[in-house]
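So the structure is just underneath, and the comments pick up after that.
For clarity, chains are labelled A, B, C and D in written order, and residue numbers in each chain start from 1.
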Amino acid sequence: MVDKNTDGSNQSFNSFYNKENVKGMSRTDLALEVRESFKEDDVEIKGVILDEEYNKDKDIRITTVVIKDQKGAEAMGKPIGTYITIEAPKLQEDDESFHEPITEEIVKYLKKVAANLEEVNVLIAGLGNREVTPDALGPQVVDNLFVTRHLIREFGDEFKEKNNLGNVSAISPGVMGQTGMESSEILRGIIKETKPQLVIVIDALAARSINRLNTTIQITNTGISPGSGVGNNRKALNKESLGVDVVAIGVPTVVDAATIVNDTMEQYMRKQGLEEKEIYQFLSEVNQQTANMFVTPKSIDDSIKRISFTISEALNKCFS
Amino acid sequence: MVDKNTDGSNQSFNSFYNKENVKGMSRTDLALEVRESFKEDDVEIKGVILDEEYNKDKDIRITTVVIKDQKGAEAMGKPIGTYITIEAPKLQEDDESFHEPITEEIVKYLKKVAANLEEVNVLIAGLGNREVTPDALGPQVVDNLFVTRHLIREFGDEFKEKNNLGNVSAISPGVMGQTGMESSEILRGIIKETKPQLVIVIDALAARSINRLNTTIQITNTGISPGSGVGNNRKALNKESLGVDVVAIGVPTVVDAATIVNDTMEQYMRKQGLEEKEIYQFLSEVNQQTANMFVTPKSIDDSIKRISFTISEALNKCFS
Amino acid sequence: MVDKNTDGSNQSFNSFYNKENVKGMSRTDLALEVRESFKEDDVEIKGVILDEEYNKDKDIRITTVVIKDQKGAEAMGKPIGTYITIEAPKLQEDDESFHEPITEEIVKYLKKVAANLEEVNVLIAGLGNREVTPDALGPQVVDNLFVTRHLIREFGDEFKEKNNLGNVSAISPGVMGQTGMESSEILRGIIKETKPQLVIVIDALAARSINRLNTTIQITNTGISPGSGVGNNRKALNKESLGVDVVAIGVPTVVDAATIVNDTMEQYMRKQGLEEKEIYQFLSEVNQQTANMFVTPKSIDDSIKRISFTISEALNKCFS
Amino acid sequence: MVDKNTDGSNQSFNSFYNKENVKGMSRTDLALEVRESFKEDDVEIKGVILDEEYNKDKDIRITTVVIKDQKGAEAMGKPIGTYITIEAPKLQEDDESFHEPITEEIVKYLKKVAANLEEVNVLIAGLGNREVTPDALGPQVVDNLFVTRHLIREFGDEFKEKNNLGNVSAISPGVMGQTGMESSEILRGIIKETKPQLVIVIDALAARSINRLNTTIQITNTGISPGSGVGNNRKALNKESLGVDVVAIGVPTVVDAATIVNDTMEQYMRKQGLEEKEIYQFLSEVNQQTANMFVTPKSIDDSIKRISFTISEALNKCFS
């Protein structure tokens, strides 16, 4: 009776990146992957700065994409802002000694995108559906946070200073299919009532490449803006919609089923010499079947558990 | 470092009913049990109307306590309003055929305390801590609700009327130890943003008598008012604090550890001829040890699963 | 350090159906889909009987595939036995009134494949990983079962007969990545110790077609036999490996990521006139990337909850 | 219909320590607390050696009770063996830096009670009901274990040695109300099939004193023996019933509701000069009401999460 497509999924799960051409059919929430998709044709995109850094010892690659102006935003289909991507293949390994360095990187870049992080009142929102494993990242991060707002209210600023604590509150708002409400509505209400100065949203993302699943962390000061960042602000979680600065931490945990088929098909069809229009038409038909399906690894439970722990540790370090 | 007592528990878990005499030391969230505590001394309490009905076939007892005025409120230590208690020992049994009649009773009395229930926009809030079994009632009810607000927004009023649906949204706000925020703050913010006309809160309660655990459902139009309903509105969930009508559905799932000790001791000490003051002093000392401890049955998981299903079925019936 | 591929998944998730040709690259656990894959070339397969029945009112299609002999087993790549498939698109709908008829069909066909179902001692095993949503079907069925073995042991046969109960025990053994043991080892040990006369295993399956996900139930008297049913009995759960009759109830909840890509590519490449060998080679390379990835719908949590409830209701009806 | 009392709880929850006198009415699973109950009357108990050690820096107290012979076993109501109790009030604090020293103590004393711990094949069993928070300790420990048996089987002894791994398998058998089987039956079957040389069982215990809840860890080489260790071997998990050495790690997470009432009442009635027989009779009546009820703190979820993590870390350290 009810179209499950529209209600069972969280915001980024719905944030398709469609531009009515073949390139637009493969969805990614990673600015890095959008940037990569231009690599062959355009060596430089106007309004977009790209910077890469590689730590060989730790096997961690940091890529910073800065979208400087409206031109860059249009080319990239993402809003103006800074997008930092931490790629660490070792995140996949069940080796505790490795989570320390990743935690440090997260802390470092969070402080970079959010000034005075320790001094402001922060609301951390774990987006996503706790009942669907690859979408449970946000709620699982929130489950491990050390919240302090209520303690500071009870024991006063002295307590805060003595223990060197930040002022942290947290919520897992659930997804629209569970609540009947947009996450943006829930958060906007809570923000008006509790007045945090910064919101950090944690969310599971969709990547284009399978290799990036559960090995990549994107930190951005733009919040989450489904679609091209233009219009559709009902669903957006950003300064415009929430009224306060919004930092987003995202981890790609799924690839859209359509994307995985499209990428293989497109590559093959191009080799066959087919034209853009033919490819687009073929894929459009194929995609109807795979709408609202995602691809994820069988061991996704271990990955989510591990990475959510790493992110919550990083956040706890920031604030205590 | 942190006093877990003040943050790990939900609102009603903290709503002690203290009047600095022996009677006040035994806590209950049930208006029915407060009324019972007067039975011996006062046959009638001014400002309080009591009505009882018993269905022998179904073994369901309905008690209605109406607190009519401020005098009654003071005597009872509860705010003015109607408190309906459904007692059904068979709720403890794993017999599905029995849940149908209970569901009907809940629907009937919900409609009694909330006029035009089907026509107003409703927000249902599942209070409590999903990680502590006897406190998970509210979140588990919400997990089984059929929410519709987002569907009506998307498909319009026609869709609503065609399918004969109510407009329902729902949230499990978590407890202060998880969020750093009062449930009242979270709900007030969401209410301002999404504008429901009625809020229904579901919560686990504390009873005085072990026999009432998991066999009793209290429905009231007063919301939840910790303490005596006077002051402490920071924590209250009622029309005054939330700005809309609040109906509360509560099920006693625990007895305070202090209460269970107090009741046994008091009974014995009175027989021994001790005076009020002596008894009070003795119990005060004993109670320090048992503060923030609760008593619950070993099979609480089955009870919570069963009763939360019954309540969610009743709510789903009200609205579709 | 550890190859997650080999340990994070349950048995059927690993039961690839490989025959070193293009047809063999698309995996399915449904006998029905194996049969369909022959449709074009072979109208009849020796040793395999196919029977179809459609109830238009309820929109339920029952297909029975009987593999009669070794020839049929080899052609089908599945062991000799009866495979009943209940296809009910309405299983996808959140309409409770529909679960009654499906429950009845399950009971009916369970009784068909397992003689004297109510009279024998039964162990029900919920296979799969409770932490990965589409693989949690088995454990969630077991969570809702009414087990009786311990009651009959305590209160005697009179109690059993008075209440008209079957003798039911149940276990969710977990997956090898969690236990370090094969499900077959765990079950074999428990069976030797507790001596059930019949084992019913519940498991999430992989289908070839997305349309069959969460709308199809396969009931078979062959148990679960990964691979072609020949060899690899270490992982099998059947009469040979467990020593008692084994009935399996399976629901396809995922499509292998490789399968979804393969099917689209193959269809296209065949139209292009490519030869079997070329197609096979191309797909082999593509498949390396998608190994151990699965495709599932975003609303998988709702589907698993609903279908596991339907199956547990059917089993509870069989035995009480 | 069904008496939930007998099936909803795990083994130690049922292991009442009854001796038909007042002393016997207060239950504890801690050898240390049994020993304490003698303190006033008997300075030394024949056949029982007591040793205490206190680390002031870490605020950790280690008490070793050795029951040397049958005489000691009878006096203590517990089987012959070594019982080590680690008392660490700081286990209650949410301070990560403290878990390191506790982890070390657990490793140290595990190695003391189980010779050649790293070299033998070990099965770790997490007893208890994962759905009842204070009883979920065992399953939550197992959830965080690093199991290796299947990897060693697949990659061989070289792999084991190169990575310096123990051979570990693990299971959470559930409780009788969920499975219809005794944990001892399930474990005995699995042991026969997979042949571990040592079983480590993890279980939530009942203490007599509220102050010991979630601050105490008992390690013993006797396994778990409900009742007085004499008879009732159907439920026991020890060398006699399982056929291999059994080490038990237990944490008191509940106090029996009867115990908490009894202890307060008894203390008071003795002061009043009542006789043993009178006290016993009074308490017997009171206890009927509180049978199968337990007392636990409101913040039990945090405690279980923290302590289960500490124990799983200790076990992971032992074996890798």
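Some points to look at:
As a working rule, a residue touches a chain if its C-beta (ideal position, glycine included) is under 8 Å from a C-beta of that chain, and two chains touch if they have at least 3 such contacts.
Since we're looking at a predicted model, the values are computed, not measured.
The minimal number of chain-to-chain contact steps leading from chain B to chain C is 2. In summary, no chain was found to touch both chain A and chain C.
Taking the CA centroid of chain C as reference, the farthest chain centroid is that of B.
Of all residue numbers used where chain A meets chain B, over half belong to both copies. The two sides are thus made of the same residues. Centroids of chain B and chain D (each the mean of its C-alpha atoms) stand 35 Å apart. Distance between chain centres (mean CA atoms), chain A to chain D: 43 Å. Separating the CA-averaged centres of chain C and chain D is a span of 39 Å.
With touch defined as above, residues shared between interfaces to two or more other chains in chain D number as follows: 1-2, 94, 177.
By the definition of touch given earlier, these chain pairs are in contact: A-B, A-C, B-D, C-D. Here chain B touches chain D in the complex through residues 1-2, 4-5, 8-9, 13, 92-95, 129, 131-133, 135, 177, 210-211, 257, 260-261, 264-265, 268-269, 272, 282, 286, 289-290, 292-302, going by the rule given at the top. Taken in their complex, chain A has these residues touching chain B: 1-2, 6-7, 142-143, 147-151, 154, 163, 168-174, 176-182, 185-186, 188-194.
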